[in-house]
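Read the structure below first, then the notes.
Naming follows writing order (A, B, C, D, E, F, G and H), and every chain is counted from residue 1.
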Amino acid sequence: MVGIIMGSDSDLPVMEQAEAVLKEFGVPYELDVMSAHRSPDRVREWVSTARDRGLKVIIAGAGMSAHLAGVVAAHTTLPVIGVPLASGALNGVDALYSTVNMPPGVPVATVAVDGARNAGILAVQILATSDASLAAKLEDFKKKMAAKVEERSKKHRRSTL
Amino acid sequence: MVGIIMGSDSDLPVMEQAEAVLKEFGVPYELDVMSAHRSPDRVREWVSTARDRGLKVIIAGAGMSAHLAGVVAAHTTLPVIGVPLASGALNGVDALYSTVNMPPGVPVATVAVDGARNAGILAVQILATSDASLAAKLEDFKKKMAAKVEERSKKHRRSTL
Amino acid sequence: MVGIIMGSDSDLPVMEQAEAVLKEFGVPYELDVMSAHRSPDRVREWVSTARDRGLKVIIAGAGMSAHLAGVVAAHTTLPVIGVPLASGALNGVDALYSTVNMPPGVPVATVAVDGARNAGILAVQILATSDASLAAKLEDFKKKMAAKVEERSKKHRRSTL
Amino acid sequence: MVGIIMGSDSDLPVMEQAEAVLKEFGVPYELDVMSAHRSPDRVREWVSTARDRGLKVIIAGAGMSAHLAGVVAAHTTLPVIGVPLASGALNGVDALYSTVNMPPGVPVATVAVDGARNAGILAVQILATSDASLAAKLEDFKKKMAAKVEERSKKHRRSTL
Amino acid sequence: MVGIIMGSDSDLPVMEQAEAVLKEFGVPYELDVMSAHRSPDRVREWVSTARDRGLKVIIAGAGMSAHLAGVVAAHTTLPVIGVPLASGALNGVDALYSTVNMPPGVPVATVAVDGARNAGILAVQILATSDASLAAKLEDFKKKMAAKVEERSKKHRRSTL
Amino acid sequence: MVGIIMGSDSDLPVMEQAEAVLKEFGVPYELDVMSAHRSPDRVREWVSTARDRGLKVIIAGAGMSAHLAGVVAAHTTLPVIGVPLASGALNGVDALYSTVNMPPGVPVATVAVDGARNAGILAVQILATSDASLAAKLEDFKKKMAAKVEERSKKHRRSTL
Amino acid sequence: MVGIIMGSDSDLPVMEQAEAVLKEFGVPYELDVMSAHRSPDRVREWVSTARDRGLKVIIAGAGMSAHLAGVVAAHTTLPVIGVPLASGALNGVDALYSTVNMPPGVPVATVAVDGARNAGILAVQILATSDASLAAKLEDFKKKMAAKVEERSKKHRRSTL
Amino acid sequence: MVGIIMGSDSDLPVMEQAEAVLKEFGVPYELDVMSAHRSPDRVREWVSTARDRGLKVIIAGAGMSAHLAGVVAAHTTLPVIGVPLASGALNGVDALYSTVNMPPGVPVATVAVDGARNAGILAVQILATSDASLAAKLEDFKKKMAAKVEERSKKHRRSTL
C-alpha cells in the first residue's frame, strides 16, 4: 500500500524509521532507492506504475535541493509525503524549503527534517481513513504513547510543595 | 468529510482557498474559527467529536507560533494538514517551523506558507485513496493543469533559432 | 510555588538547571514530564489544577515545534515561562520561534534557547515581587554574580600601558 | 507598579499597546523614553530608583541591537519584560535575538516581535500572583477572549456535511 | 543556441531580462513556459530534444520549491543555469536553496535571486568559450560597463580635501 | 581625510548620510562612485593612491554580494569601514555577511545594514584619536544626543503611580 | 583549459574534488592558491593572463566573505564558477550569499556549499558545448551515474506488497 | 593605547588573538574581563576612565545577546570594535546581530564572528592613522601576508595545460 523511496542509500538509516512504522502496523510496503537527479527516468517509471502496483501513499525522502518528493508529486495524484533529510552545510533547512514550498496544484505533505517516523505514521493515518482496523490500531498506538509519557512522568516527577 | 479550521477570522481569505478546492471536487466540509490559545477547550471538543461528525481529514491554518495544527493532531488520529500562515515580523517562517517540526508520534502534514489551496488538494488526495470517483476527478484535474500550462506556453513561446 | 514541566525526559539535564535555582533560593516546586502532543489531556489537567495546588508560576521547556508553553498558557492566567530547547536539525531556532511568537492575549515569557537557569531566576524574580525575603536574596545573588566576575577579572587582567 | 520604557519615541505606537492593557486592568504605570545607547546614564538612574518609585515589573521595548531590556535587567532584580521591535533591514529578528539570548543570571522575559500587548498582559499576570483582584480580572479577560473567538466562529462557521 | 524556460508566465517580466541579453548579443534563443510540477512530461520532452534543436545552454527560472532547473539538469548534460525567483513568504531564499544545493553529479549554475540578466550574460560567456566573435563582444560589453560607472562617478564625485 | 565610495549611484541617498556627518564635523572628504565588479581597475587605482591624496579612513558601501569594502581593504592598510546596503531579495543580510566575515589579516569595520550615518561617526571617532578638537566635538555631539532623548522623554513621559 | 583557484590551502581537500573530475574527463587544468584579500595583485595578474594561458573556464572556491569568485569575474569575461566553502560560525551560508548575489553584468555560476565536484562537472559541460568528444563522455558519465543508483536500488529494494 | 575586554573568561582563548596582534605590533594594551549584564557598574567605570588611562581604541568581545560593545560605545566617544563570539544554540549569529545593528549615533565597528585577530589589526590600523611607524609596520605585515600566500601557492600549484 505504501511506497518508500529515497534519493541515496545513505538515507536508509533515517528512512527505515518509516519502514519500521509500517511493519509495526502490518501495512504492506515497497522500499527503493532512486534519484530525481541521477535516475529521473527510473523515478518517473516507478511513480507512473505506482497505483497499479497497489500503492496508495508514497513517502519520499531527500536531502539538499530535495526535489524527489516534488518530482513524484508531479507524476501522480496519490498523496505524497516528503521527508526533508539533514545533510550538507545547511543541515536540512534547504531540504525543508525545497520539499514544502510546492506551487498550487501539486502538494507535498511535509514532515520535520529527518521525520521519517512521522512520515510512516502519517501514511498509516491516511490509509486508516478507509480502514477501521488500522484506525483502531492508531487509537491504541496513541494511548500507548500517552501511557509511556505518563510512565516517564511517574519516574521523574517530584515536588517540594 | 473534511474539517477546515483557523485561529482567527483574519485567516479566512487564505483558508477559503482550501474550501474552494473542496467545493470544486464536491467534497462535504465544515469550516470554523477557533484558537488553540484563546479557545483551547472549544478546539479540544471540536476535535474529539470530529470523527463522529464524519470528518476524515482536518486542515488547520494558523500564523506566528501556529500551534493549532499540532494541538489538533494531539487529540486525534485522523490525518491533520497544517497550513502555516504568513503574518507578523517573521512573515510565516515561524509558523512553518512551528507547524512542521512535530515530535515523533504526532505528525502534521505541512504545506507551504499560505498554501491553503494545496491543503485542500491534499485532503482530496487522501480521500481519493478510497474513492475511485474522486481519484478520477484528480486525474482530470491534473490533466487540466498541464493543459493550462501548455496554453500559456503556446501564448508566450518564441524562438529565433 | 513553581511548576517545572518538560515535553520529554530527555529534556531533564537542561530543565534541572531551573530546578537547581529554585532549590538555591528555597522556593518550593513541582517538576514533571508531560507532552503537549503525546499526553495533552494530562497537560490540561495538570494546568487546570495548578493554581489550586499552590503554583504561582509555570516553567515549560520543549524542543522543535515546542507547543508546550503555549498550550499551558492557553489554560491558565498564571505567568508562563517558556524555555525553547535545542534539538533536531534546526537546533532550537524552531523552538524559539514556536515559543515566543504567541498571539495577542496569551503571552509566554520566553528565555534563551536552553536558558533553563534563567527561567528559574525569572520565576524567583516574579515571586519576589511580593516576597521581601526573596527580593533580598536576589539582591545578594546579583552582588555575588558581580563579585564572581570581578574575581575572574582580577585573575586575568593585565596591562602593558 | 509597572514601568514602560522604550528607546525612541518612534516606538510609542507599538509600546502604547502595553499601556492600554495596564489602563484596562487599572494598574498604575509610568511610561518614558530613554535609550541604552544614547542616554545610558538616564537609564541607569531610572532603573536604580525603580523599586523605590514603586515599580514591580519593567517593560522595555527596543529595535535593532535592542540592548535596552538587557541593560535594565543588569541593574535591577525586578522582572524585566523585553519587547523586540521590528525595524531596519532585519525587521526585528535582530531585536529578538538581542533581547532573548541573555546570559545565565540575568533573564529577560521576552515576548513576540512588536508584542507589546502581550508584554502588558504578562506584567498583569506577574502582579496578579499576589493580587487576587487582578487574578480575577485576568480570568474574566480570558473568558471574554474565548467568547469573542466563539462569536467569530458563530459568524463564519459553515458546513456541507 | 540558448533555451530559456520558466515555471509560470508570471515569471516572464524577470526572465525576459535574460532574453534581452541574448538579443543584445545576437544569440539565437527559444523561450517557453513549462512547469516541473504541473507539466513534467512537457519538460522532459523539451529537454530531451534540446540538443537536437540546437540548444547549447539552458536557462531555467522558478520560484518557491524551484525544481525546474534541477529537473532539467537531470535530463541533459548541457550546462543548465538556474535563476531562483522571488515569490511567496520566503521571498526567494527557498528558491535559492532549492536551485543551488544540487547533489554531486548534477550541477546547476545558479545566479542571484531574480538574476535573469546575469543568467543571460553567463550563457553568452559559455557560448563565447568557442566563439571568438562573441568573446570580443563580451570584452566590449565589459568596457562599456566600466565606462558607464565612470560616467556616474564623474557626475557625482566631489571632494573637500 | 575620509574617502566615501559606493558601488552604484543608486546608493547615494543612503551613503550621503555619511557625508552629512563629515560636513557636520568639518572633516574634509572625497565621495565617489566605483564598482568592485564593474570597474575594478578604477577601484584599485583609487585605493592605491588614497593615502597620498590624504585619506586616513575609507568608507565603502555596497549591496548584495557587497565585495567593495573587502576589495578596498585588500589594497590598503588604512582602516576601512563597510556599510552593507539593503537591496535585492535578501534585503541586506547578504551584504552584511559579505562585508563582515573577512578572513584573518584583512579587517573591515562593519556597521549596520544601511548604517551610513554611523559609518561617518565612526570615521570621525577614528580621526579623533589624534585630534583633540574633533574629540571635543564628539563629546559635545554625545551630550546633545542624550539631551535630545531627554527632550523626547519630557514630551512623552507620563505616570499614574 | 580550466583554472582552479582557492583562497587558502586549507581549501585544498574540498577543491581537489573539482580537480579529480577534470582528471577523470582528461581536461587539462591549472590549480593554484591565491587570495582576493591577502594577495589581490596576484589574483588580478593571474586572471588577466588566464585567457592567454589557454584557460576557458575558471573555478574559484572561497569561504566566509568569499570574494574570490566575484573578484575574478570582475577581471575576465570567461565563465567563472564559484564554490562557496563551509567555514566559520555561519558554516558557508555567508560564502553562498557572497558568491551568488552578484550585481547585474558580472555573473558567477554558483554551485552548492562545498560543491567542488559539481563545479568540475559544470566546467566540463561548458567545454563540451564545443567538444563532441567531451559531450559523449558526459553522456556516458550520466548513464553510469544512473546505473550506479540502479545498482544501489537492486541491493536495497524490498517489498511486502 | 588599546583596551581589550570580554564578558567572560571563557572568551579568553578567542580574545587573546587580539592581544597577540597588539604584542606583535608593540602596541601597549590592557586586557580585562567584565560583563555588561553581570557587572555593569564595573564596565561603566572602566569605560569612563578609559581615555584618562591612555586608551585610544576599545575592543569588546561578547557572545549571545552580546551587549558589551554597545554598552561600552554608549559611554565613550573612543572608537569601539565589537567581536561577536560564537556560543549557544545560534552559534554567534545572535551575537553578530546584537553587535552590528547599533542605532544612529552610537557605532560599533564590527568584525566577523570570533574575528578577534582582525579586531586587533583594525585597532592597529586606527592607531596608525597618526603613527607613521605603525603604518610602516602594517605595510610590512601586508606584504608578508601576500608572501605567505605566494609561498603556499608555490607549494601547491600544478598544471596539466
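Going forward, contacts are C-beta pairs under 8 Å (C-beta built on N, C-alpha and C of every residue); 3 or more make two chains touch, one makes a residue touch a chain.
It should be emphasised that the depicted structure is a prediction, and the values quoted were computed from it without experimental measurement.
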item: Pair from E-F, E-G or F-H with over half of its contact pairs in common with D-F; value: E-F
item: Centroid distance [mean C-alpha coordinates] between subunit E and subunit B, Å; value: 34
item: Distance from the mean Cα position of subunit H to that of subunit A, given in whole angstrom; value: 48
item: Gap in Å, rounded to a whole number, between the CA centres of subunit C and subunit B; value: 34
item: Centre-of-Cα separation between subunit B and subunit A, whole angstrom; value: 18
item: Residue numbers of subunit H (touch at least two other chains); value: 8, 35, 38, 64-65, 88, 90, 93, 96, 100-102, 105-106, 112-113, 145
item: Touching chain combinations (by label order); value: A-B, A-C, A-E, A-G, B-C, B-D, B-E, C-D, C-H, D-F, D-H, E-F, E-G, F-G, F-H, G-H
item: Subunit F-touching residues of subunit E, taken from the complex the two chains share; value: 86, 91-93, 96, 112-114, 145-146, 148-150, 152-153, 155-161
item: Residues of subunit E touching subunit B in the complex; value: 1, 8-9, 12, 28-35, 38-39, 41-42, 53-55, 64-65, 88-90
item: Interfacial residue positions of subunit D with respect to subunit H in the complex; value: 7-8, 35-38, 40, 44, 63-67, 70-71, 73-75, 88, 90, 93-94, 97-103, 105-106
item: In the complex, subunit B residues that touch subunit A; value: 56-57, 77-79, 81, 96, 100-102, 104-113, 115, 117-119, 121-122, 125-130, 135, 138-139, 141-142, 145
